[in-house]
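Just so it is clear, A, B, C, D and E label the chains in written order, and each chain counts residues from 1 on its own.
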Amino acid sequence: MTDATAQNTPAPSGKSLLSLDQRTRRRNASERRFRLYGAVAICLSIAALVMLLTSVIGNGASAFFQTYAKIELTLDPAELDPEGNRNPDEMGKVTTLRYGNLMKAAFPASLQAAGISTEGISDTEIGDMLSKEAPAQLRDRVLSDPDMLGESVEFWALANGRIDGYIKGRVSMASAERDSNVSPAQLQLADRMREAGLLTTRFNWDFITFPDASELRPEAAGLGVAIVGSAYMMLIVLFLALPIGVAASIYLEEFAPQNRFTDLIEVNISNLAAVPSIVFGILGLAVFINYAGLPASAPIVGGLVLTLMTLPTIIISTRAALKAVPPSIRSAALGVGASKMQTVFHHVLPLAMPGILTGTILGLAQALGETAPLLLIGMVAFVRDYPSWPIDGFFDPASALPVQVYNFTTRGDPAFVERASGAIIVLLVFLLCMNLLAIYLRRKFERRW
Amino acid sequence: MYDMNRVENAVGQDEIKISARKVQVYYGDTHAIKDVDVDILDKTVTAFIGPSGCGKSTFLRCLNRMNDTIAAARVEGKIALDGEDIYDRRVDPVQLRAKVGMVFQKPNPFPKSIYDNVAYGPRIHGLARNKAELDEIVERSLRGAALWNEAKDRLQEPGTGLSGGQQQRLCIARAVATSPEVLLMDEPCSALDPIATGQVEELIEQLRQQFSVVIVTHSMQQAARVSQKTAFFHLGNLVEYGETDDIFTKPKDSRTESYISGRIG
Amino acid sequence: MYDMNRVENAVGQDEIKISARKVQVYYGDTHAIKDVDVDILDKTVTAFIGPSGCGKSTFLRCLNRMNDTIAAARVEGKIALDGEDIYDRRVDPVQLRAKVGMVFQKPNPFPKSIYDNVAYGPRIHGLARNKAELDEIVERSLRGAALWNEAKDRLQEPGTGLSGGQQQRLCIARAVATSPEVLLMDEPCSALDPIATGQVEELIEQLRQQFSVVIVTHSMQQAARVSQKTAFFHLGNLVEYGETDDIFTKPKDSRTESYISGRIG
Amino acid sequence: AAARDNIQTAGSSTVLPYATIVAESFGENFDFPTPVVESGGSGAGRKKLCEGVGENTIDIANSSSRISQSDIDTCAQNGVTEIMEVRIGYDGIVFASDIEGPDFAFTPADWFNALAKDIVVDGEVKANDNASWSDVNGDLPDQQILAFVPGTKHGTREVFDEKVILAGCEESGAMEVFAEQNGGDEDKAEEMCTSLRTDGVSVDIDGDYTETLARIDANKNAIGVFGLSFYENNTDKLKVATMSGINPSTETIASGEYPVSRPLYFYVKNAHLDVIPGLQEYIEFFVSDDMAGPDGPLANYGLVSDPELAATQEMVANRTPMGPLDE
Amino acid sequence: MSIGLILLFVVGLGVIGFYLGRRRALTSVSGDPRKLHSLPSQYGQSVFLFTVVPALLLLAVWLLAEPRVIDSRVRGVVEATGATGSELDLKMADVTRISEGLDALVQRSTLTEDQLTQMRADMADVRGRLADVGVALGSAVEPAVFQAAKQRRALVQTSSLLKGAGVALFAIAGFAFAISRINPTFRARNVSEGVVMALLIGSSLVAILTTVGIVLSLVFETASFFRMYPAKDFFLSLTWNPQFRGGSDLGIWPLLWGTLYVSFIALLVAVPIGLLAAIYLAEYASKRVRSVAKPAIEILAGIPTIVYGLFALITVGPALRDYFAQPLGLGSSSSSVMTAGLVMGIMLIPFVSSLSDDIINSVPQAMRDGSYGLGATKSESIKQVILPAALPGVVGAVLLAASRAIGETMIVVLGAGAAAKLSLNPFEAMTTITVKIVSQLTGDTEFASPETLVAFALGLTLFVFTLGLNVLALYIVRKYREQYE
């Protein structure tokens, strides 16, 4: 035998492994093509994502910065505290209009005092460079600290949206010439103020914490109420849709006898997935508001409606995942005397977890981004007051992030364009935070057997 | 020892643990088990032999109602455990399966650790009062299934990462851990080497002291070695059932005879 | 016939089909195969024996690079098929596996009809020019695997609805249908009755006329019956490799001796 | 039941911006919570108003068109018997195109001849196949006709149909021909006047003015229909067209010179007046000179101030419910 | 007793019951759980369930029945005034509001119980006082109504007391019963599993209830639509042309066609891309790529559709028009079915890819090994073994995507336009049912006009239509289902 091995230089039986025959080459080519298709599909998806995200971020990043103008003014007690007793309740009677006039009067003077030429530009125009929110800011500050009255204070006021737009590059001298809301002179003044350090751009926390603002004050519009509203609704959706959806899937997939009735439920659920979301709004209006008497515009109703809307997504994906668990696992558990219930909860469900979590991710993404059903239950609304803490807060009026996006996009002032994209960024970050746990869990549960 | 066994055998064999009467199984239209009558005695090892595809596994699965899980399968006839009809509507199949354990033909460990695989049964049946007891059950079962030496250092590794034969022994250990009254074993040694086979056969012998064991095997030698009773299946029929010695030495049916004499391995 | 075989044997045994040198396999940190050198000859049946968990399947899977699919597995050393390193970067594992077919330890039929299960290989390799040829290949393979009689009336039924032993034979038929040059069979008869086993062994003998067959078995008798060469594995080591007769009659290593003498079945 | 303490209003998205401006100032300057202003369409707003009395129903419905008898009936059926109708001002509707494009000076007849399905040429009714504005009127630039008009769900569409297309129909004399053709049936003739081309020249926009603007961005030679306030916020992108020689502005609309405009309303449920805190204050604040006057923020944003604002203020102070519809 | 307090009591008792039950079970066998029929914690569970479930059921029934019972008792008083029909209903609503208002008054201690019994509608300014606590009344209060309100308030108070007592009694009784039942042979597992089972069934009934709710909330308005507009025209007319002032053509066909066309194109984009992406992720991609790419693609599902809509409107639409439609002579509309379909397809990719990826990933490795072992390439294995095995799940994913496609509005509005048309040309503007439901429902038209109510009819028709499609899909899946092992 040794002998045999020694003299035997292996004589390849025709086909070598190293040289591919015609057919293998063809098959390999098709394999490569297939793989390429897959890679292309991924790349296409990612490219689409990148494109959409860059456009959103490109448009929206600037929403996180805001321009402020420095103004020095003396707070005239005679104007702002007619009673003279520094009682905030009394002082609250002074409207923002009066504060506005005060600021408009003080602003040009304040500029001149800082040595900035205001030639060729009227005082009204200068005043218009401030946001209409600025008086409200000032008023809040005065009311919180009435002793400021009579003193000369330094105040960073929100700049008007067009001035802000100019700093961010949205408004140009050329466009200002045609724009009836801003003049090149104002922009030139803004340039001069910036050089003198009287105009700065800061990170805009207010965008995240402030409530919405009217069309006259795009620069003050924020997402605070919407974020709270969305968070409340998502809490409800998560705590209702996930358990109910998983429970329903388990029943249908693991326990339900195969009969007409379960077929009916099955078809029903797939059909519910195809029901346009606005119809769920109609349902919510009819059942939760008109029949059950829950308040309109409240996260509780929104949450319930979105729950019903999300359920089919979760059920369909959970069922698909349960179906994919090999029967041998079930037999194994049943064989050691586990009940069906134990089999499902101990063995099948963990294996189906990735699919369930995917369904949850997709369902929540949909629930978080949906406006149409909210339209009918009164959540597509202008809400400025924050809802209180849960559970009471579930019944207070609130807005939602997609609603805010929608509202911003329908507004006339171009300054809302960046806000809309900014809101989308916040929404996506919100979604990502929500999904992170699910994604992490999904990776943990993923296994092959 | 030998004597004691004989005495016990004598006692055990009087008691019928499972009795099956006129059992029919259909898979859709195919009639897989035809009119099988058999009595499985307590404290006895019963061997089912017969050519591949004759219905051994199918019949075995009837005995603890595992066929319930196959949508296409339909069982008729009467099977009684300790005199109680197991297909009675009031019977809880779960309790039944806790009493009648099963080792499947294809090893199917859970995608969990080796320890959890074995501990699962005792856990759900509340067989251990605490962790130490559970550890003990796991060790005893793994030892019984001759897997302890190989597995003791990797109890926390997944059971699916074992070799074929190891998986088979793991499944045996898993079934033994729940201490069933009847243990159904579908070719438990098919992937085992002679030594491991010997150890499992020893385990079967031990189990027989208290329980009833039904084993499907293709090895005549094994059947002869471990069983007291043998049933020969052919094309869905129970051709012959009797004392193992009788079946192997003086089969009554010609089919039995030709199957046994055609023996090769 | 006997004579011819001998002649062929003589020719075949000269040619090394697969040569393995210093093969190491690691599963993560565990060293499952240690330093194995072996030459598998053409037109020869080589048997791998050894206790459960010793690494037979693992080594077998190295020979057609099935270990590539296990993320944790790492193979070192050199394995050559017809003198060409199969772990060479230029080697296409697909082509390799078409030449080196495999029957797995656990039967794994596809969730397709019996016919499609067998026709799958010939289809992807383009072995049949038309439906008639394909039908013929399917029939020949199923006959070879001793499944034709049971399966011929249910070719369109799913392969997953077969009994354990039938599934095993289906997998054999499936592997044979692609006419590989080397056929690796991991315990192909574990779930088969003696008669079916005999038929499969006949098939192996037939295949050996043209191809090389490697078979893992726990049955010493089977190894003795079908193989010309035997390799004994123990704890990941190849303890002894040589003519089957020599191994069984005059083993050189004490471990081999004790394993063989400890034989029971 | 916990009592509701904020004002709830719903309705027209045209009134929405004005309502939010007022609500914002109201919340800022009064001790009441800021009212919640829903959009969702005039129809839905009025339906909600008429659902009944009680805190589960809204207090105010904003509307870009006058309430109809059927709504009043529904209201009455549901116990909402006293409704106050408050006209807050006028909304001008303008035609604008991309700022880089040519100037346009339209007459209603031009629009009719450009968009109507059938037009009258030399006394003959024929299908409209005008492709360029210069085909319609030699004085107009030679630019492909492409108009983005509000979809039929919008109240603006009604105004457009009535004050532009129908007026153009009459002005061009087509009306008479149509009437003649239909045997003197005026309704049929009107219907013929207002049916627009379906060959893609006249594009219905179901969305908002922002959508129209975006579409003009994508189709530079299109002309869109906008609200005056929207146009005023986007004068750097849009060029407005004159109508019958009049440039649209708050002044020309207030004086009635510029023909295309419509009144905006809100409807208050009187039963809620003393119940929902701040409701009376809010509506008074809304129509006050500070807000709705010619120099107020609403006018600033593009609302054409109502010349009869004083009468409205008095009505609000007296809580006079609206009488039966006269027209 | 407030509902929160009752709940707290019941659940608290239940939790105590859990621990007591477990202890009792263990002591009954002197600490050896092996002698128990079920696990000790299952005995605990059974006590918990016996304590909580009947009590909560009683509470639920009570809460449902209470208003009706009280209503019927009080109604008589109001009926005595001769009110009937809707007037009676209105007065009953007033009664409810007044009685709740009186409650609020007493709670704010502006009114004592004594004063209340003295109080008479014709003397005290009830309306004004109630307005102080934020209860809106349409008109001055009639004496009979006020009397009824007072009676109602009394009833409510009694009922509330009884309710609290009854529920507590039930809880305690259930608790005692369950504890007393504990013995080693008690089938605690079966009991608690029975309850879980009921919960599972209940959960799947939510879907049925939702459907019933949807149909009910659509069907009445649909009926009034068909009273105003002939059903024949709605179902058979080929034009959709609503007018603001009436006289509209409201044929559904152009909308249905648009819906199908847009969804079809969207699926034509999403299904191949999604499926290929899923396959790549599950079978080819490295762990790193997979763990990044999969969540990244899922973001596509979370981007608000308005972003897609604007993308369609500003980028895709003009590009398709300039590079395809115009050169091919297929029209010059920048809004087109193609635009909306393409962009919607992108949005739908993750619905197909993510779920399919999970399903493909859970096909057992043995299937792959079997195929590779025969010398199949990866792609052959995928196409011929893995995908067929994963088919049911993949169909589910596609169904989900199709459902989203049918329900989408924003992308269609901005991408395909608002004009309803029956045309084969994919470069023409069209619109879908869903878009029209939204726009007709939120428009400025009269609510009680066919133009608005048609939204409900559209919704119901779409519902029935998709139901048909789903039945078909179920049938097909059943037919081609392949099961491994």
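To be clear about the criterion, a residue touches a chain if its C-beta (ideal position, glycine included) is under 8 Å from a C-beta of that chain, and two chains touch if they have at least 3 such contacts.
If you want to know which protein each chain is, UniProt gives these names: A = Phosphate transport system permease protein PstA; B, C = Phosphate ABC transporter ATP-binding protein PstB; E = Phosphate transport system permease protein.
As the structure is a prediction and not an experimental result, all values here were calculated from the model.
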Partner chains that chain A and chain E have in common: B, C, D
Inter-chain pair with the most contacting C-beta pairs: A-E
Whole-Å gap between the CA centroids of chain A and chain D: 32
Cα-centroid distance, chain C relative to chain D, in whole angstrom: 83
Centre-to-centre distance between chain E and chain C (centres being mean Cα positions), rounded to whole Å: 56
Chain A and chain B, separation of their C-alpha mean positions in angstrom: 59
Residues within chain B bordering two or more other chains: 94, 106, 124-125
Touching two or more other chains - residue numbers and ranges from chain D: 4, 39-40, 44, 55, 207
Interface hub residues of chain E, defined as touching at least two other chains: 189, 310, 364-365, 377, 380, 441-442, 483-485
Contacting chain pairs - touch in the sense defined above: A-B, A-C, A-D, A-E, B-C, B-E, C-E, D-E
Touch list for chain E against partner chain B, complex: 31-34, 36, 38-40, 187, 189-190
Sites on chain A touched by chain B in the complex: 258, 327-340, 342, 346-347, 351, 447, 449
Chain E partner contacts - residues on chain C that touch it in the complex: 64, 66, 69, 93-99, 101-104, 106, 108-112, 120-121, 124-125, 158, 160, 171, 174-175, 178, 180
Residues of chain B touching chain C in the complex: 27, 49-53, 55, 57-58, 72, 105-107, 150, 161-166, 169, 186-187, 190-198, 218-222, 225, 259, 262-265
Complex interface listing, chain A residues touching chain C: 1, 4-5, 8-13, 15-18, 20-21, 23-24, 27-28, 31
